[in-house]
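The same chain A turns up in both complexes below, where it pairs with chain B and then with chain C.
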Partner chain A sequence: MSIARRTILALALAAGVALPAMTAAEAETLKIGVLATFEGAFTVLGEDSERGALTALDEFAHKAGGKDIEFIRGSSDASPDSAVRAARKLVEQDGVKILIGPLSGDEGIAVKEYAKTKPDVTFINGSSAAQDTTFRNPAPNFFRFSTDGAQWMAGLGTYAFKDKGYKSVAVVAEDYSFPYTQVFGFMAEFCKAGGHVPSKSWVPIGTKDFSSVIAALPDKVDAIYVALGGADAVNFLSQYQQAGGQAPLIGGSITVDQTVLTTKGKLHDVLIGTPSAGPTADTLDTPEWKAFVDEYKKQKGAFPSPSLFAHAYYVNAKAALLALNEVKGDLSDGGKAYRAALAKLSFMTPTGKVSLDQNREAIADIFLTEVTQGPDGALLNKLVKRIPQVNQTLGIDEAAFRALGTVSRDNPRCP
Partner chain B sequence: MSDNADQGRQALIGSGTGGGLTLRQVRTLFWLIVAAALAWLFIARWPEWLDGLLISKKAFLSAILNGLTLAGLYFLVASGFTLVFGLMRNVNLAHGSLYLLGAYIGYEVATVTGVWLLGVAAGFVVLAVVGLVMQILIFRRLEGDDLRQTLVTIGISIVAADLMLAVWSGSTYQISPPDWLQGAVKLPFATAYRSNGSVIYLTYPFYRLVVFAAAVAIGLGLWLMLNRTRIGMMIRAGVDDRAMLAASGKNVHLIFATVFAIGAGLAGFAGVVGGSALSVAPGEDVRYLLASLVVVIVGGMGSVTGAAIGALIIGLSEQIGLVYFPTYGVVLTFVIMVVTLSIRPQGLMGRAR
Partner chain C sequence: MSLLTEVGSPAASRPHFPELFTQGHALLGFVLLVYPALASDFFVTQIGAYSLIVGLIALSLMVLAGYGGMVSMAQITIAGAAAYVVAILGDNNSGVHGLGWSWWIVVPVAAGSASVLSAIFGWIAVRTEGIYTIMITLAIATACFYFTQQNYALFNGFPGYSGLRAPTVLGVYWRDPQPFYYLCLTVAAIGYVAVLYAARSTFGLTLQAIRDNPRRMRAIGFDVTAHKVFAWWLAGLLAGVAGVLLAWFNGRVSPGTIAVAPAINILVVAVIGGLRHPIGPFVGALVVVVIQTFAIDIVGAERFNTLIGLFFLVIVFISPDGILGLWARYGPHPERDGKTSG
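Our next item is the complex of A and B:
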């Protein structure tokens, strides 16, 4: 008896909670899920990505397609299962029809697989940049307006070999799909130019103590290519400095990003002069970029310059809102018209034009950079060269590119 | 019972080796051989094939030394954890949060005052007070209710993680140790020989050696306190039989509060010391909680010696795994834990209850 009464009470309560939510939905509010890493080793990256997404929302004055837009946060810790869990929560509990995210490489692949089971929901990438999120077995409802980790490396391999004169390079990178993609992009050019990579050290995400890895690095290399993110990068760099590391560094895109350059502590000495490449350059001198930086800086806790995560979430969120405008906020057909609009979308970002290929992967400009100290003492990525409109196959014919095989620990090789 | 088993094993070994050796002698011999092999690896000039097998002498020696210093750090965190568990049967799952909070407080104090040692002291003192408050306000009310205590500590750790994220954001902090602790020292182990015959010695960060030395000193101090002082005697008595200790007229709550304060203070101390060696970032709390759980499970719940042995095993295996098989290095710690649980469920130094 008392159990039955309690159940009725619970039901009544649930109805009371649900009803106002339903009336709110009638007032034309559209919820969009934003999934990023607000926990774990990549927390600082997730925080900045949210600033990027909010910058886009502010630009649209929180309205698109005639509806009020509301972002709902989903949090993961950079592990694929946590990303899928957060995506499921956003889609199945909060009922979002559009989801922006996730942040990290393995998460992207996992969420893409999840997307296949939810054909009526539209998934737009956050900043995850593994190659196979879109290149092999893509999901028809997963879109990526930010480029992938191999694209980000465009120009760096050649620059390291020809301009810097490094003939042999050791690799230290985290052990998951995004760094595989970055190393692939770097080595594709570097090995072709005649360089050698005699050793690769793959370390787990969240490694604190790199000193053993540093001690095991070969002595006879000209430089060390480092593809680590967030706290991992900071730990490696400071321990490399402590150990008196002599070889110059080459940075992966997120290793010398604002999320690392703004670290409290002294990394300046090892970082200045480090070449890298990625989808942004802090000293880019175009009015679009400067306007974006100004808007970004209005967000709480903003860095001196937006990180590539803020940039990627901004671009993807902007794409989501632009396409919503195009279909006038109408998702009633299960989002078909919306996805068609997304696939055709081509627009100007702070870093130049972006459009999608047949796999719904971005084609955009990439920037070759070098770490330098700004006038106020802050570290910045100085623009060295702009490489226009890099596609996913790095300009190689698609069949030939596919024949290079899946990126992995051992592919590519040139010892 | 155990005597019988021992005799059985001795008989077994005796028949295998042709008689004469007791189990103890076999054990001593085994450890002597291991020690000799290690000493040879450290001192001798390595032949080519060994370099090929273990990457290089420098890599191997660094992995061992790093394993030792990491073990020192793990021991500092886990010793408090194991003491609290042994005495109060309280699995304090907020122990990792104490580590992280200590690190942040140490950073703030060291940055504001400019004196690193003050930061270390603040990490210990503030966290000891926090531990005391937790014990008095929360755990005393839940005494004897293991499940509820465990759930409450999980709750505290989640709330604390979010509060720290709100205050210190997700950025990575580095606490700079003073100049006199920085720099590298030359150790008397040759790692390579130049063609002209001169020897290259292993250099190692001085600060890490200090961390290890501090851990050893604190470990010795804890051992002396537990085995040579009156309060230590009471703590050991409490570990063995809490009810009997209370019945014999000792103020159990005072002892509990002391142990909790020491445990929490050590976690805070480890936070500052570890944050100076590595770095401070969100997520560290879970990492060190997990590490101390594994250390304590392997070493045996409630035993400080066990925590030291567990920390050594886990620290060394983590570093050796990182260098020689990075992909599966993470699994190694858990394999050790599973093997320990299946062979000696109470841990290496733990007592069956």
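Our next item is the complex of A and C:
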């Protein structure tokens, strides 16, 4: 009989597993899922993105459309699988009808594919910025109020070639779709201006030892374009400096972000003067931006200035809440009216006006920046130039832009 | 190496194969069959079916470690190989490969190639023992992970393949929650019974004898290497079938599926559950899947991995044989109950 008795114990365990499912009843509050990377190489980024989303929630006093709003967190480790698993849990178990996220490029593409199987759930991007999340095979219920990685590079290629005088640049970037998109955006302008990119090094996310990459960098380049994020950027930059690297740097949007600039150590000297471009600039002095920074700083563990992840999650969360106000919190039609409201939404963010194109992709201002030391010694991205209302095709005619092909390791090329 | 403690040593009172299935099994089977009627879709697939898949992969590790004394870190790699075959030969929407073959060709080819790959891994690994087997299989798993991540021609690099769909057979779409759960349950049950049977077959007993004393077995004329490689092939078949289910479950496969963390996860599942009996991996899978899914709701986003780690630490600390060990120690004893059963 012993096995039978053991099985009864197992049954008790199984019942414990099944019970919470049955008690997950409708609450009066409206739950919104927030999916970000709370583990892995991008943890710091994920935590800051949560601060951004919470800033928006605080701005609305935790209410929208007449309902109390509650955030439920989901965590991924920046791999597409984990993002889909977390999204599934939020949608299918926690029953959220609105999901904000994810954080990184390929996660965005994977969640977009998942969105197609859940037409009644509205997906709003976090900060993921791969081009094909919205440009090719978009999902009708996936909205992105933050710009993509190629848009973020607007103006940088021209600036590097004309103002900085770099004629040939080597690329070091992570090996996935977001850096491909960034490199694409940079090279689209840089190559057109007459520049050359003789070598590209693609490194896996989470690389610790960059010595072989650094050794393989060509000597004759004028600068190195670095598109690495979080811990990867810190590791590469410190190892490059220790190896005696002298070439000036050009930064991808997340390479000279606050998540990297706040790192302690000798990186200061290497980073000062690095040009970059992105959806935010730390020294922007409009009252809207300053108000946003003040609100952001009230969050626990905030950086001196919000990272672009905090900014992107803030903008997307704000869009989610604004549209909820517009439909008075009514999602009973499977979210149809809500999505219609989102598609028409146009509002002022701390960084200027944002609106959507027909692929539900943001059109917004982009900022050309340069790393500089603030009065208190902290590193900041100084605003060089503001490029107004950049669209996804970077101002190029859509058919011509599409003809440039999918972003990849080898596209574009100009050796 | 508590991992390698003896499992089911041959004894005179060994019951015959059919006698192994007691009322306990009937009751458990009944519960598993009616479970979808009681639980939400999320619990049916994301907890139920996923636990069965992870359990099946861990079962393949249990076969190698429990009966063969070979702890492999590469079982998720083997499952991943089958998943990649499904993506390459079947349909995907990543625009790379996706030859669109029918499921009844793809599934056997996927499981078959995974088992052959497993035999090759085994053939490399049988030259080593104990901790060196762990190291060499970990090296293989890591190498495969980085290779798939950087190879675009065959594996489509970091993003891998998405848009993998289970087939529609007999008018049923097999990725719908209930059918998929029963599919996984059937496969897991077949795997479980097959392992129970194989462990008592001539081959299984020989394998356990080889685990206990390879030199003596070699001396009396058994081909030790061949037996071990065959065990790898069998384990690869289990992991390969689980890999096909995993591809359908996730709808995608990428290097993240076969990274080092998932590889360790499988080992954790097997150790938590216990390597004494084929039910162990499934118990471990259920516990691990539940805690990994819900830890974030208990302690918030910042520290939930710490909670998972602490939980595993506690289990391993109080019972080196995993949950099955706890059961054996604190649960009812067969001897005391006056009946011999496995």
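Details
Definition applied: the second predicted complex is superposed on the first by the 388 of 415 C-alpha atoms of A that agree within 3 Å, B and C clash if a C-alpha of one lies under 4 Å from a C-alpha of the other, contacts with A are read in each partner's own complex, and residues count from 1 in each chain.
Methods note: a contact is a pair of C-beta atoms (placed from the backbone, for glycine too) under 8 Å apart; a residue touches a chain by one contact, two chains touch by 3 or more.
No experiment lies behind these values; they were computed from the predicted model shown.
Once the two complexes are laid over each other on the shared chain, residue contacts for A:D81 go to chain C alone; chain B is not touched.
Using the contact criterion defined above for the overlaid structures, shared-chain residue A:V234 touches chain B, although it does not reach chain C.
Looking at the shared chain after the overlay, A:P204 reaches both chain B and chain C.
Look at A:G278: by the touch rule set out above, it reaches neither chain B nor chain C.
Once the two complexes are overlaid on the shared chain, A:D175 sits against chain B and chain C alike. Touch criterion not met for A:G157: it reaches neither chain B nor chain C. In the superposition on chain A, contact is made by A:E50 with chain C only, not with chain B. Measured by the number of chain A residues touched, the leading partner among chain B and chain C is C.
Applying the stated contact rule after C-alpha superposition, one finds that A:G149 touches neither chain B nor chain C.
Contact with chain B, but none with chain C, is seen for A:T262 once the two complexes are overlaid on the shared chain. Residues common to the contacts of chain A with chain B and with chain C across the two structures: 38-39, 46-47, 77, 175, 202, 204, 409. Residues of chain A that touch chain B in their complex: 38-41, 43-47, 77, 175, 201-204, 206-209, 211-216, 230-231, 234-235, 238-239, 242-244, 262-266, 301, 409.
Contacts from chain C toward chain A in the complex involve residues 22-25, 27-28, 31, 35, 38-43, 45-47, 93, 146, 149-150, 152, 157-160, 162-163, 250-257, 259, 261, 283, 286, 290, 293-294, 296-297, 300-302, 304-305, 327, 331-334, 337, 339, 341. The part of chain B that touches chain A in the complex is made up of residues 55-56, 58-59, 61-63, 66-67, 70, 165, 169-174, 176, 182, 184, 203, 205, 207-208, 278-279, 281-283, 287, 318-319, 322-323, 326-327, 329-330.
Note for the complex: chain A touches chain C at residues 1-11, 13-14, 17-18, 20-22, 24, 36, 38-39, 46-47, 50, 72-75, 77, 79-82, 84-85, 88-89, 92-93, 106, 109-110, 113-114, 137, 175-177, 202, 204-205, 408-409.
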